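In what follows, chain A forms one complex with chain B and a second complex with chain C.
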Partner chain A sequence: MPHRTFLWFILPSLVAMILFIALPIGSVIVQSLFVEHTQVLIVSESCGPFGCTETTSIDVEATAALQAAEPLGRFNGLGTYFDRNHLASLEVSQAWSSSASIAEFFSRLMNLPFYSALAFTMTYTFVVTPLVIVLGLFIALGVNSLPQFAKGPTIFVSLLPMIITPLIGSLILFWMIDARGIIGSTLQALFNDGSLSLKASPVLTWITLIVYGVWHSAPFAFIVFYAGLQTVPEDTLEAALIDGASRWERVRYVVIPYMAPLVVFIALIQLMDNFRVFEPIVGFSAQANATSLSWIIYNDLRGDTQQFGSAAATSVLTILGVCVLLSPVLIRTWRDFNRKRA
Partner chain B sequence: MAAASQRRSPLLVTMTLAFVGIWVILAAFPFVWTVWGSFKVQADFFSKANWMNAVWGIATTAETGSAFTGAGYEGAWIKREFWRAVLNTGIVVFFTVIISLTFGTLGGYALARSGYRYAFWLLMIALVFRAMPHITLVSGYLLPFFQWNLWGHLPTSIIVLVAINQPFTLWMLHSFFLNIPKDLDESAMVDGCTRFQAFRHVIIPVMWPGVITTGLFSFLLAYNDFAVTAMLLSQENQTMVPKIASFLGTTQVEGQVMYAVAAVVSATAPLFVLIMFFQRQIVSGLTAGAVKG
Partner chain C sequence: MTPTKMTALATVMVVLSGTTAMAGCGITAGNVSILSNDFAALNAVAAGAMECAGDRVTVTANQTTEHRDLQVAALTANPAQYTTAVVANSSIVPLLSAGLIRPLDDLVAEHGAGLKPTQLITIDGQVMAIAFMANAQHLFYRSDILAEVGLDAPTTYEEVLAAAEAIRAAGIMEYPVALNTGAGWNLGEEFVNMYMGYGGEMFVPGTAQASVNDEAGVAALNMLKALTEYSNPDFLTFDSNGTSALWEAGEVALATLWGSRAGTLLDDEGSTPEVVENTALAGAVTTGGGTVPATTLWWDGFTISANISDEDAEATFIAMLNGISPEVISANSDAAVWLGEGYEPTPAAVGVFASATAGAVPYPMSPFMGLMHSAAGDNLAEFLQGSESAEQALADIEAAYTTAATAQGFLQ
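Take a look at the complex of A and B:
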């Protein structure tokens, strides 16, 4: 296809992506270099019979005028990146020099908002992804061996957790694990502990969120694996059977090698999606015990005093994280591409 | 013959059945429970005494005289004007899907037919764009949108959702178009069609299965979105998902949490219908990317 025609065909899509994905990334980088104006203060002296007192008040008009003149705020360089709410260089170095052990250092690190969000995001991403792949594979193997008439309804039901709006899905589970909900009260009865609450402790909150994540994403892995299973050649399986392979050996040496490219695909999609974990934290109201990078950006942006600079700095750091996460894939594709051309 | 390699011991069959059975319950029970509970009062759905109350509706009977009540739905739809959010969601989702597919088919077709290096790089960039957490992009929009008075309107959210949708739509339609033989449009061009005429008269009639599948996923992305619609829409333009989130702020008042439950069930119903009619397309769409690699 000539370049010109290609350009005309791709133009609408390209313009949309440049305007609303590429430029915002640029805008985030610019915004992260600025911070909100400090309020303009006026100091006025009022003198009475007992001497003079100074009162400080906010000049609302001047503040608004300054805000209107420079909506971005004042230039702060990389200052926002290293403040307490982001990389917290000062606090980290203090914690490093004054902590007696590595464990103490990490527990101090977890008190800093950025690092605790990063810790949860990474844990969530790297625990949910493998669990989803394993559970998805087992469900696919199980469903594949069902009688034909049962497959359709099972797939229908399995799709529900995946297709549900993440916020709604997490709300549904949140209500069930409430101390007065069905799962919450059953757990209390089971452990004979009337005060047991999944919302109270950080560990239980993290586990709840991870369980939700697996519940939500396992159907995706299941469907992909299930479709992959339909393409495993029957002949190879039979040959393995004749050679005396047990069922497990057939799965291990015939089925799984066929599934390998699918595992890469699922892992890629899941890493991308789990890294932006956000809605479950809102749905489970888990912010006291678990925050994610997306959630702290959201938290900066809502409310009456929106901290654009702070949100932008976290966004830039998150985007860098995404790039690091994707780099193995990109490097691999780049090599494949060059090999194909060579 | 096909059954030869499928024969298994009874123990394994039982275990497999049990495993799939447990999964089916895990997947379906929360929905069944919430739909059932949405017709009860709060004292039943969040029962201090015994969760079995929610099954029989003891408090519901005591309060309303019948074991089922539509109070939650009435409160959400009429008192809290959930219908307005439903209407807004309808508008946003409809236009997002239509525009995404229009842009996506043109772009995806071009990417599938161009052999040049830059087509490959565009796809790679689209992959990186797809991985961007939506909220990071939103934090890039907010300040400019405030400045230019674009914030809060439905069209703004629609075009933003279209753009966020593009990387995925391009990838998916690109792989569908690769499956349509090149000879088809090339022979039309040999007969004197321009590229666009070939696209219009030869490709469009055969592309519908792919477009419908991609459309389903565009629909899901727009329908399920929370980050963009919660941050970019004003109060009166809110769509369903942010509206439900806003119900949660007021759940301390007795009975209001049932508004949220009823709204959640109302928002789930269309998804349920969607799977019922399009199960095959959803399954084929999920696997299309995988098979292509």
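Take a look at the complex of A and C:
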């Protein structure tokens, strides 16, 4: 395709990408370099139903003047990135120099909000992604060998976890694992332990969230693999059959190599999605035991004081994290592409 | 559509507009749009304001528990998305700080003859909001269960712990205590309440410098932990809905809950007669030998947006006054502790009144309190689970607060 034609061909999506992806990211990066103006505080008397008290408040006019002069706020450079609520460079180096052992350093690191969120985010990503791929493949193989009439209903039921909105799905499970819910009380009866609760300890909460993640995402892998299975060449499979290959050998040596590009595709999408894990933490009210980078952004933007600079810095760090995660897969794809072209 | 049907429809419309025009509350024209939290008392207020809808007056309401996250952006728009935001002592702060609400002195002088002076929230001499209800967390207890273990209603948290132990020892309940200890805003509120009960000062007076890492802080945390040891292991997920459900299910006997929940817990819906009849209310308890109840007093009131026309502001003020009229209040006296005329205290109000008369302090209205509240709510879970010391948890709160307050420009 000539370059000119190609340009016209991709122009609409290029414009959309610049408008809806590049510009917002650019604005977030700019925002992350600024913090709020120094607040002009005044102390005055405030009265209400419970009497009068001295109250500190913000001088609205003075603040408005500051904002009009510099609408973005005070320039802070990369200061926000390295403060305690983000990369915490000072706290980390202090912990490193004053900790007697790696374990102590690690526990002090986990006390910092960014790193404890990163720990859960990474664990979630690297446990859920492979499990989703393996489980999705097995469901696809299972469904593919069903008789024709049973396929439709089975596919529908298998897709349900993905069809249900993540927030609703996690809320439903949250109520089911409640001490008085069906799963919660069954587990208590099973282990004969009245105080067993999936919501109470960090370990059990992490396991619950990971199980939820696999339950929610497996249908995606399943449907991609199922579509892929329909295109596996019949003659190669028949040749393997004639050579005396067992069912497992046919899957291992014909189906899986054939579907390798799909595995890369699913891994790519799942790494990105799982790194941004968010809804289950809200749905399961899990913030006491598990937080993620996306959850930190959400938490910064909620409540009576919205912390835009802090949320923007975490957003940029999340984008960088996704880039680092995807780089091995992308480099591999790029090499394959070059090899094919050569 | 046939001509006859058209005529009939037109007649109906004329009749409808005729009746609504009469219910205009004396407003000639204007738009009223309400943004508020979503609970029974506020629903009644909004319904009362909606009665003013008429010929050239529109009244709409968005009642959502997420109102705090909407209000600043919605009122910054010009013209503002809502003509009134219903706020509490904490949520009025961001609106005040950004200058998004207007002084109400003129409107009060013209239309506010029926308001009591205590309802006027004045800041630096200007009326900025009209308060209409009070709220506070206080003690709820099951009189039958306390009678079973032979104890009176507790007046201190030490007695609450003793009663909880007696109930557990008697084999009645394993987890008799519930507080709104869900990590986040709720847990932050419990810390603030307890810290106030120990007479603590959140900030170095006159500055935005945090000062929670002191004796009162440690004592407050230890008391919270002692209480959660008598709570269901899920306590870090407890919000008001969760604890109300536990109460109605008859699974707890001692709880510190919001006064605004009393109406729902005392009605005959959602629970058994045994639980409802034995649900008793008392003022918030004291702790650590202190005399001030371990709770904070809250008011709910309405504000008027700055970025709207004077005509809409006046219409909104009149409509909202209609929403808190003596008729609305007397028809809903169970729903809240109303501050206006027409309120006859009901059994549901006992706890809030007792807490206020015992000298509970109002929740601080300073612009950096929200950051401290969030920092507390986000950093106490590990301590309550036993994997961190009280001093470390308090140091974490101060560090998280200091970082956020520096970025927000409150600290240098």
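We take it that the second predicted complex is superposed on the first by the 276 of 342 C-alpha atoms of A that agree within 3 Å, B and C clash if a C-alpha of one lies under 4 Å from a C-alpha of the other, contacts with A are read in each partner's own complex, and residues count from 1 in each chain.
Going forward, a residue touches a chain if its C-beta (ideal position, glycine included) is under 8 Å from a C-beta of that chain, and two chains touch if they have at least 3 such contacts.
Keep in mind it's a predicted model, so treat the numbers as computed, not measured.
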Touched partner set for A:78, first chain B, second chain C, both or neither: neither
Touched partner set for A:302, first chain B, second chain C, both or neither: both
Per-residue contact with chain A, leading partner among chain C and chain B: B
Contacts of A:272 with chain B and chain C, given as first, second, both or neither: first
Which of chain B and chain C A:197 touches, first, second, both or neither: second
First, second, both or neither for A:57, with chain B first and chain C second: second
Chain B versus chain C as contact partner of A:49, first or second or both or neither: second
Which superposed partner A:178 touches (first chain B, second chain C, both, neither): both
Partner chain(s) touched by A:294 [first = chain B, second = chain C, both, neither]: first
Touched partner set for A:37, first chain B, second chain C, both or neither: second
Footprint overlap on chain A, where chain B in one structure and chain C in the other make contact: 178, 180, 285, 301-302, 306
Of all residues in chain C, those that touch chain A in their complex: 68-69, 72, 89-91, 93-94, 96-99, 118-125, 131, 134, 174, 182-185, 206, 208, 232-234, 236-237, 239, 249, 297, 299, 339, 356, 361-362, 364-371, 373-374, 378, 381-382, 385, 388, 392, 396, 399-400, 402-404, 406-410, 412
Touching residues on chain B, where the partner in the complex is chain A: 1-2, 4-6, 8, 12-13, 16-17, 19-20, 23-24, 26-28, 30-31, 33-34, 37, 45-48, 50-51, 54, 102-104, 106-107, 109-111, 113-116, 119-120, 122, 124, 126-144, 146-147, 159-160, 162-164, 166-167, 169-170, 195-196, 199, 220, 223-224, 226-227, 231, 241, 244-245, 248, 257, 260-261, 264, 267-268, 271-272, 274-276, 279, 282-284, 286-287, 289-291, 293
In the complex with chain C, residue positions of chain A that touch it: 35-39, 41-51, 53, 55-58, 60-61, 63-64, 74, 76, 80, 83-85, 91, 111, 113, 178-180, 194-195, 197, 199-202, 285, 287-289, 299, 301-307, 309-310
Residues on chain A engaged by chain B in the complex (per definition of touch): 1, 3, 5-6, 8-10, 12-14, 16-17, 19-28, 31, 71-72, 138-139, 141-143, 145-146, 152, 154-161, 163-168, 171-173, 175-176, 178, 180-182, 185-186, 215, 219-220, 223-224, 226-228, 234, 237-238, 240-241, 247, 250, 261-262, 265-266, 269, 272, 275-276, 278-279, 282, 285, 293-294, 297-298, 300-302, 306, 308, 311-312, 314-315, 318-319, 322-323, 325-326, 329-330, 333, 337
